[in-house]
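Following this line, the structures themselves.
Next come two complexes built around subunit A: one with subunit B, the other with subunit C.
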Partner chain A sequence: MVETDLSKKWNYLRKILERSGPFDTEAFTPSSDTLDFLHNTCKILVIGAGGLGCELLKDLAMMGFKNIDVIDMDTIELSNLNRQFLFRRKDIGKSKAETAAEFINKRIPGTKVTPHFCKIQDYDESFYRQFHIVVSGLDSIVARRWINGMLISLVRLEEDGTVDQSSVIPMIDGGTEGFKGNARVIFPTLNACIDCNLDLFPPQISYPLCTIANTPRLPEHCIEYVKIIQWDKENPFKCALDGDDPEHVSWVYEKAQERANIYNITGLSYRLVQGVLKNIIPAVSSTNAVIAAVCATEVFKIATSCYEALNNYFVFNDIDGIYTYKFEAEKNPKCLACSTVPRMISINNPSSMTLQDLIDYLCTNVEFQMKSPGITTMINGKNKTLYMSTVKSIEEQTRSNLTLSLHELNLSDGQELIIADATNPNSIVVKLKFTDNEVEMY
Partner chain B sequence: MIKLFSLKQQKKEGESGNQQKSTRTAAQLRITKDINELNLPRTCTTNFPDPNDLLNFKMIICPDEGYYRGGRFVFNFKVGPNYPHEPPKVKCETKVYHPNIDLEGNVCLNILREDWKPVLTINSIVYGLQYLFLEPNAEDPLNKEAADVLQNNRRLFEHNVTKAMRGAYIGDVYFDRCLNSN
Partner chain C sequence: MSSSVPSPESDKSRKYDRQIRLWGDHGQNLLENSQICLINANALGTEILKGLALPGIGSFTIIDQNLVTEEDIGSNFFLEQSSLGKSRAKCATQFLQELNPDVNGESIDENVDNIIANNSDFFQNFSVVVACALNEKSLIKLSNLLWDLNIPLISCKTVGFIGTARIQLKEYCVIETHPDNKHHDLRLEEPFDSLKEHCEKIELGSKVPWLVILFKHLEAYKVKYNKIPQTYKEKSELRTMIRDSMSADEENFEEAIKAVNSSFGGGKPNSVLQEILNDNACINLTKNSPPFWIMVRALKDFIENEGKGYLPLPGIIPDMTAETSLYINLQNVYRAKALQDADIVFRRVQELLEELNKSCDWITEKDVRLFCREAAYIAIIRGSKISDEYEKGSNTATIASELENIDSLMGHYVVLRSQDRFITEHGCMPGEIQVDIDTARVKSQASKLLNDWGINISLNDDLIHEICRYGGSEIHSVSAFLGGAIAHEIIKIVTRQYKSLDNTIIYDGINSQCATFKF
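Up next is the complex of A and B:
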């Protein structure tokens, strides 16, 4: 359907999408359908509604993306208001995702932003599969790796083992740190993923425990001491330390100050305590604006094929003049997250084939030739060790699985098994394919 | 480059199929490998209270030489979702008179913190822990009293270790008996 809206609002997009140009990709055909796709079909997920997220939502909505979901578990704090411009003083304490969605929906009519006030880990594959593109503005490596792993797990293979491209959900990842920022384009399993180049992330600063305990020199040492040693010892609130809880932060501040006084260390502040506990780096709003603009442009390029996507890593720094650079982060062939393409094993008798039969197969089949495979899997979201012969306490507790059939072990068609063996430097993933004639027998 | 627009125009509805939950988290892939390939010195054994949970287990070390010969020390391993990017959390559950282990069980071992690298494995940590019992190090003290004694009077240190392992007060701290009696 061609847009029936008579306004000239989207004319600037039409100039790009309805005419051919020197930079078109092969996949691009000038057509009014593309704008219609942006408006009515394309679903974008924005992860994070903080500094980058506010910018991204504004950019995407004004670029014609009308179906956007945003997910963020945080609530609005006073200190956010200088740069997270979708929020006002009256919004303090409310959900970032919900407030941002409401603002955009009102300000840019026709846009449907759907908020999710929760953690990314609260949703499963069926949620993430509905999106065409995921764009993330996260401040944590753990969360990045989680969504990276999720998108990789959605990639399906064709019968011949090649990647089914329609199952690939591109991920545009933006990150900022003060005056520095980066943006990257990830096509899960096709190019470098987050885990492929984990070394690109600055290592978490950690101090030797004995320095913290005996020869502290920095205010950070005092905070770490309270965090690692004193909290567990005194357990003041009978729970784990939470960097978001002001009472916890105050307690740590007070104790760290006592310790700093003993060692004549100066420079401790409440903000520093917060920073160390949560690993906070000061945010600069202009950096967020630049990086979000780059990310949104990549989303647009990929969604419309009007131009080649960034290949694949962009860095930005304006501490001293303006510096930008682009390079191709390389896929790491040993990457645990994206290079473990599952190998298929066809099983035609899952109700009579036992785990021992499967292990024998892994040890004798020319393709595998394993020695003593250890096998784990996941059933109903919980890890399960099927068998492991090398560790005595596990062997004893899993031995009884050997004589059970694959059905009795609750393994189902498409089940993925993680298999470790001395013959392979990494664990491999095997996917069980129960063949059709078995189904007919039932 | 992927042809998103042409590929996905009409997609997304009715795309359920019989997809299985993925088992592939990097931590689970790696820990399966680490545990399957554990190659422990004969002084070490593992205990997995729940064999399905490879991320939480105990490592028992019974040194057969050095100051701690005859003792039995239990370490709790907690492998987080960010493994192997981050090291596991390791605590000593046995109260031990040791310069590099404090009374709460915190362990000062470089590869557990500042020198951790993702190429290291559970096995590397076990060897590191075993080494701590063979060569307690007064330079990096967590238990300052024990470190001072080790530095200034090795005979007294040896005496204190033996006494503590039998169950006794050293100064005003009581150490439970932790002899490997069998």
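Up next is the complex of A and C:
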């Protein structure tokens, strides 16, 4: 639809953009050019068209941004409709990105929302480079870290080693869980990034395997048992367990109930089974509205320079009254993603530590939290893949390395490992430091 | 308080699954039976209703006699170009209703003052009334009317990057407050008989829950020192005793050592609860007393008699490394005692109902069990009238002391109130046309206001200048922030869960910060 000439439509934004005020930043000059920039030049990427994404698209379009891209790989489900307000019942099964884009373009003529029904990993640098600002509303930490790594890799340095400011694409990241949420403003390489403070994310709940198998006490333990052990053993539907398939969920519910009865465990419910199987995070429309609004406000501040942007982390909780708090998350000089210094890993027993131990360390250590690291290195001037799980043929070839010690793999003190993982689009370099005395004698 | 619980596989239950996990089927039922009235469908108003229509309130009614302007279309998502010049109430109702077919929407193109003056019964059936950017005079009338009807009122507005909301509630009683860090009430210091018997039968080993390990060592400590460990040093001594009895690296003993710090001190009413127990509404029940206060009274009687100073046991223990049957048996000891306590409270409730000539099924056993489980954390919030705040000035001492603090958002409050007075006097928003002249006018309103309150502090002019720069602009993302927050406050009020805002919030979008005040 074409925007008919409503000359006073943007009058409210004009009062901010065409007048001066006592709290303006130094970079701000009142002018009609700024609104023109928002309308015609500024390109925003919204990552995720879910709870936060729908709100972000509405907020940004209402704040005068007309060129917006949205990327989301998911399709619409019934349980989205309590908060993802651009979707209707008839849209179930359709692409979130496409449906959301169509809705906004129709409601606010003149806005061009371009949908991308795919994964963020399907695009490379040339796609991400075209945006002025990236806003993310994701439920996955891995995806957050990936886009964070991508934006860091777009930062160019001047000849004197300083950052080329024009290559820095600000990232505004929002997150919600129940009645809690946060928003943060990241200027890649200039302030704290996602990987700088991975400890700010709540730890994932996991139950020890021996508890699940031998001493279950909670209904959750019974559900996990059916999910991890019983499903594969009995394979009732001759396929992988699907938490969205009601027949699968019912089967798990029934079996978990049987197990709970044996152990006299109470409190199992169908809803709990669904929650554990799909790792469901409770979500409500109001928290998403609040956090997306904070993110959109920050995008507006950065795009127009009208006020200083949030520095750099905002927390919201409305369980008891309304509580907000802001602080400056600190840049981690040893950050895996935004620091150029190779990361050291101290190894004090290279003759007993196996490659599998090293991989486990990379997955469980709070500062790495990797998913399925692939490791290569240089030995005698040649590239050697030590292990890689993502390509089947290479996995088979390198599997035997897992049980070898670092010594047996001919790795030495100061060895640089190149590690590829889903948490970053680029490989990172890690340096091994052997603290064992006998190593130094070699 | 009966309620129908749909099966979790039902359509409605699946649609609302992500929120039912927060407030339960009983909360969802209350929400679905609520009726919300909105006065003025500006961007803030429609954002609030969006946050209520999506989770599935029963119905909403919009009162608004304005016609849609171009500026409305530029700031309000629930209007579109074709709405221009039409009834704002009607257009907004239509677009909001599309959000959720379960919700009923109605619109009334009338001046709210006429309704207040001629048809005051109109408001009677609403669960909550929200007034957006309502002028002082109408707000004061509405405040008095709804206070007398005992219907919660929320007054709110945004201008530029600043926003505020004020809740007027007579009395709000909450059983399920959902505190973030619930303390487990384990009664180890003064164990009940069945817990003692249970623990004494068990021999320590690697399969025993830490709670039993801690129980035994605490008993030994009590014999040795004739008291409960309280100081850091005393607790360290208890930890050493546990460590010394450990034969190898045993997870359950380690858990017991960790638990020394967090396992004592539950079961006695804290000062907040004590105040509720001593409240006049608890001590002097009348036939108008709501179920909440009858249960509070039964609770008080329990604590003072059978409980010997303790609350009814919640009966919930944390998960701990242990063999299944040893854990389940221990869990059952706590649950049995909790049921026993709740039963005593329930019988007391029945006696009270009889004394008050109420039907004995007015409060069910299920209600009392829930109440007993949550008893340590119940809350009441008593509010004040907006009309008193506007006409008499409430809490002026706090205003004065806050204004001394340069970082306080109380200055924003005063400026927003000065803006209200400006609007009353001049019939337009400050800065709509002339920023400088209006800045001086709002400044003089602020001086008058502070003078009325007997406060001798002058305000920072910058904020007044900034408010006039806004010239009454409504910025979408600012209204979206406040709209989301207010929608949730309304959900709290109608589901009677979580503690509501008490009673004013100021949002400063320039610096991404909020402050709350009580007037």
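The rule we apply is simple: the second predicted complex is superposed on the first by the 296 of 442 C-alpha atoms of A that agree within 3 Å, B and C clash if a C-alpha of one lies under 4 Å from a C-alpha of the other, contacts with A are read in each partner's own complex, and residues count from 1 in each chain.
Everything below uses one rule, namely that a contact is a pair of C-beta atoms (placed from the backbone, for glycine too) under 8 Å apart; a residue touches a chain by one contact, two chains touch by 3 or more.
Keep in mind it's a predicted model, so treat the numbers as computed, not measured.
K.L.:
State whether A:L310 touches subunit B only (first), subunit C only (second), both chains, or neither.
P.N.:
The answer is second: A:L310 touches subunit C but not subunit B.
K.L.:
Which of the two partners, first being subunit B and second being subunit C, lies in contact with A:R343: first, second, both, or neither?
P.N.:
neither
K.L.:
Per the contact definition in the header, classify A:K112: touching subunit B only (first), subunit C only (second), both, or neither.
P.N.:
The answer is neither, since A:K112 touches no partner chain.
K.L.:
Touching A:S153, do we find subunit B (first), subunit C (second), both, or neither?
P.N.:
A:S153 sits against subunit B, while subunit C stays out of touch.
K.L.:
Which of the two partners, first being subunit B and second being subunit C, lies in contact with A:H407: first, second, both, or neither?
P.N.:
Neither partner.
K.L.:
Quick one: which bits of subunit A touch subunit B in the complex? Just the residue numbers, please.
P.N.:
On the subunit A side, the touching residues are 25, 27, 33-34, 37, 41, 43, 124-126, 129-130, 132-133, 141-142, 145-146, 149, 152-153, 165-166, 168, 170, 187, 190, 195, 198, 204, 206-210, 213-214, 228-229, 232-233, 302-305, 308-309, 336-337, 340, 372-374, 376-378, 380-385, 388, 390-394, 397-398, 412-422, 426-427, 429.
K.L.:
Which residues of subunit C touch subunit A in their complex?
P.N.:
Where subunit C meets subunit A, its residues are 7-9, 11, 14-22, 43, 47, 50-51, 54-56, 69-71, 73-75, 77, 80-81, 84, 98-101, 160-161, 177-180, 207, 319-325, 327-328, 431, 435, 462, 465-466, 469-471, 473-478, 480-481, 483-485, 487-489, 491, 498-502, 505, 509-514, 516.
K.L.:
Show me the residue ranges of subunit A that touch subunit C in the complex, using the header's touch definition.
P.N.:
3-4, 6-13, 15-16, 19-23, 55, 58-59, 62-63, 78-79, 81-83, 85, 88-89, 107-109, 178-179, 211, 215-218, 246, 263-265, 269-271, 274-275, 280-290, 292-294, 296-298, 300, 307, 310, 314, 317-322, 324, 326
K.L.:
Mind listing the subunit B positions that touch subunit A in their complex?
P.N.:
1-12, 15-16, 18-26, 28-30, 32-33, 35-38, 45-48, 51-55, 81-82, 85-86, 100, 102, 104, 106-108, 110, 112-114, 118, 140-142, 144
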